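Input: a single structure, listed below in structure tokens.
Should a chain be cited, it is by its letter among A, B, C and D, assigned in written order, with residues numbered from 1 in that chain.
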Amino acid sequence: MKPYIHKVKYYETDRMQVTHHSNYIRFMEEARIDFMEQADMGYEKMEAEGVVSPVMSVTCDYRKPTTFPDEIEIEVRALELSRLKLRMAYTMRVKGEVVCTATSLHCFLRNGRPISLEEQFPAFYQLLKDSME
Amino acid sequence: MKPYIHKVKYYETDRMQVTHHSNYIRFMEEARIDFMEQADMGYEKMEAEGVVSPVMSVTCDYRKPTTFPDEIEIEVRALELSRLKLRMAYTMRVKGEVVCTATSLHCFLRNGRPISLEEQFPAFYQLLKDSME
Amino acid sequence: MKPYIHKVKYYETDRMQVTHHSNYIRFMEEARIDFMEQADMGYEKMEAEGVVSPVMSVTCDYRKPTTFPDEIEIEVRALELSRLKLRMAYTMRVKGEVVCTATSLHCFLRNGRPISLEEQFPAFYQLLKDSME
Amino acid sequence: MKPYIHKVKYYETDRMQVTHHSNYIRFMEEARIDFMEQADMGYEKMEAEGVVSPVMSVTCDYRKPTTFPDEIEIEVRALELSRLKLRMAYTMRVKGEVVCTATSLHCFLRNGRPISLEEQFPAFYQLLKDSME
């Protein structure tokens, strides 16, 4: 999987002159959507399948400040995968240096009810498994 | 009608250490929603009536910078009112000094089709008329 | 300490028609700043003392969706307090029901170097201690 | 000059399931910064020259809604150029169809005082002139 690149926008900085910490949660979403697309589980496909994937929780560790116009390279992988839940991990780097590490926990719902990725989307499930190594 | 108060948030500032100019468009929306509620045309009522009011255009003149933790007082009034369109005007002040003036143009739609405020919501129409003076 | 109220804004919702999850990190900041002010350690005072308090990490558990125009009541307290670090906890409720719980980790810096709250701001330190009970 | 591409992010949509109108002001900034870079007047150069270019006003006409994951192509050009002011125009298209047109007015300041682009940055001034045709 190719890492995702987010170029920090001017409007994402704050009066400390660095990227406001809330924006990293958005970068995670961007990188996750990109990862899903690369895994052939993009938004249109999920929508066509009637599946949504809400964020149940996030953690975010800020290691070094970034700012406009830094390019943040975001590596995404599955961290934990159970019958009904998926935890993803994010490593964000600027010029090779880690600036932020993060995780997010997700379930997958159809008609508001949890579904098993392994049964319903075995290829995607396998790809997540592979990304854990 | 009482003016709306927006307290500038830390995360609304940018690396110039002032409120990022895009946020004023959001303050306009907050003040407009508050105005509508005061005019008994709040969100729940509009929704119950199946009416939506998209923004067709905005203009915004930035007079003086503001920053966290300024309190911006926003005065809203109708500027132009025709059969199908409503232009609203906003005057934003910090400690009595004008920091921004703005306008927004709206139509009112039910099932995607324009409706006449004067016919459908005569009391609201009259109140808008009165706010123009 | 009085809880902080955040009224969800229209522009804070997303196409799932709920408050976008990234915004809760911003609500935490708003509530924390309000807590600090109530604790007589407001922004102006910190700035006058040359002290900044960066966010080192956050965690956020989304329990129930919220949306415009919900009023979120946010209770803030100290969760852990060591010589150089402070972890704060947030409980967010809508109409008494918990919608989100979160934490944030902070240090306090003067001229880029960590300071001890207990030594430098004993009254604030004591108040944090008290909020832990 | 090459147009700028903004891919609409999930978090830029609102509960009407379209891109929130305030975000277009941010897209303008992104496209303008990209235009300046292409014109060899990028952020680092401006900063090295001690020049800032605040936004004095904006106008924005919303023609058609956009949403995640649309790709908005933004064409930028100078619209008016006087001794001290520059008005830029933006045409935003999705798949060739105009979705938004906008303008922004700027001055250029060094040490808080207006400077003449024509005298101080003649090559950039000429390029702006050329983009007007």
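Convention: a residue touches a chain if its C-beta (ideal position, glycine included) is under 8 Å from a C-beta of that chain, and two chains touch if they have at least 3 such contacts.
It should be emphasised that the depicted structure is a prediction, and the values quoted were computed from it without experimental measurement.
Should one ask which of A-C and C-D has more C-beta pairs in contact, the pair is A-C. Interface equivalence for B-C, evaluated over A-B, A-D or B-D, points to A-D, where over half of the contact pairs coincide by residue number. Most remote from subunit D, judged by the distance between CA-atom centroids, is C. Per-chain Cα centroids separate subunit A from subunit C by 24 Å.
In this assembly, the C-alpha centroid of subunit C lies 35 Å from the C-alpha centroid of subunit D. Listed for subunit C are residues 10-11, 22, 26, 29, 68, each touching two or more other chains. Put simply, subunit A touches subunit C in their complex at residues 16, 21-23, 25-26, 29, 52, 54-62.
Every residue of subunit A that touches subunit D in the complex is listed here, in rising order: 9-11, 26, 29-30, 33, 43, 68-69. Interface residues of subunit A facing subunit B in the complex, by the touch rule stated above, are 10-11, 13-15, 17-18, 20, 22, 67-68.
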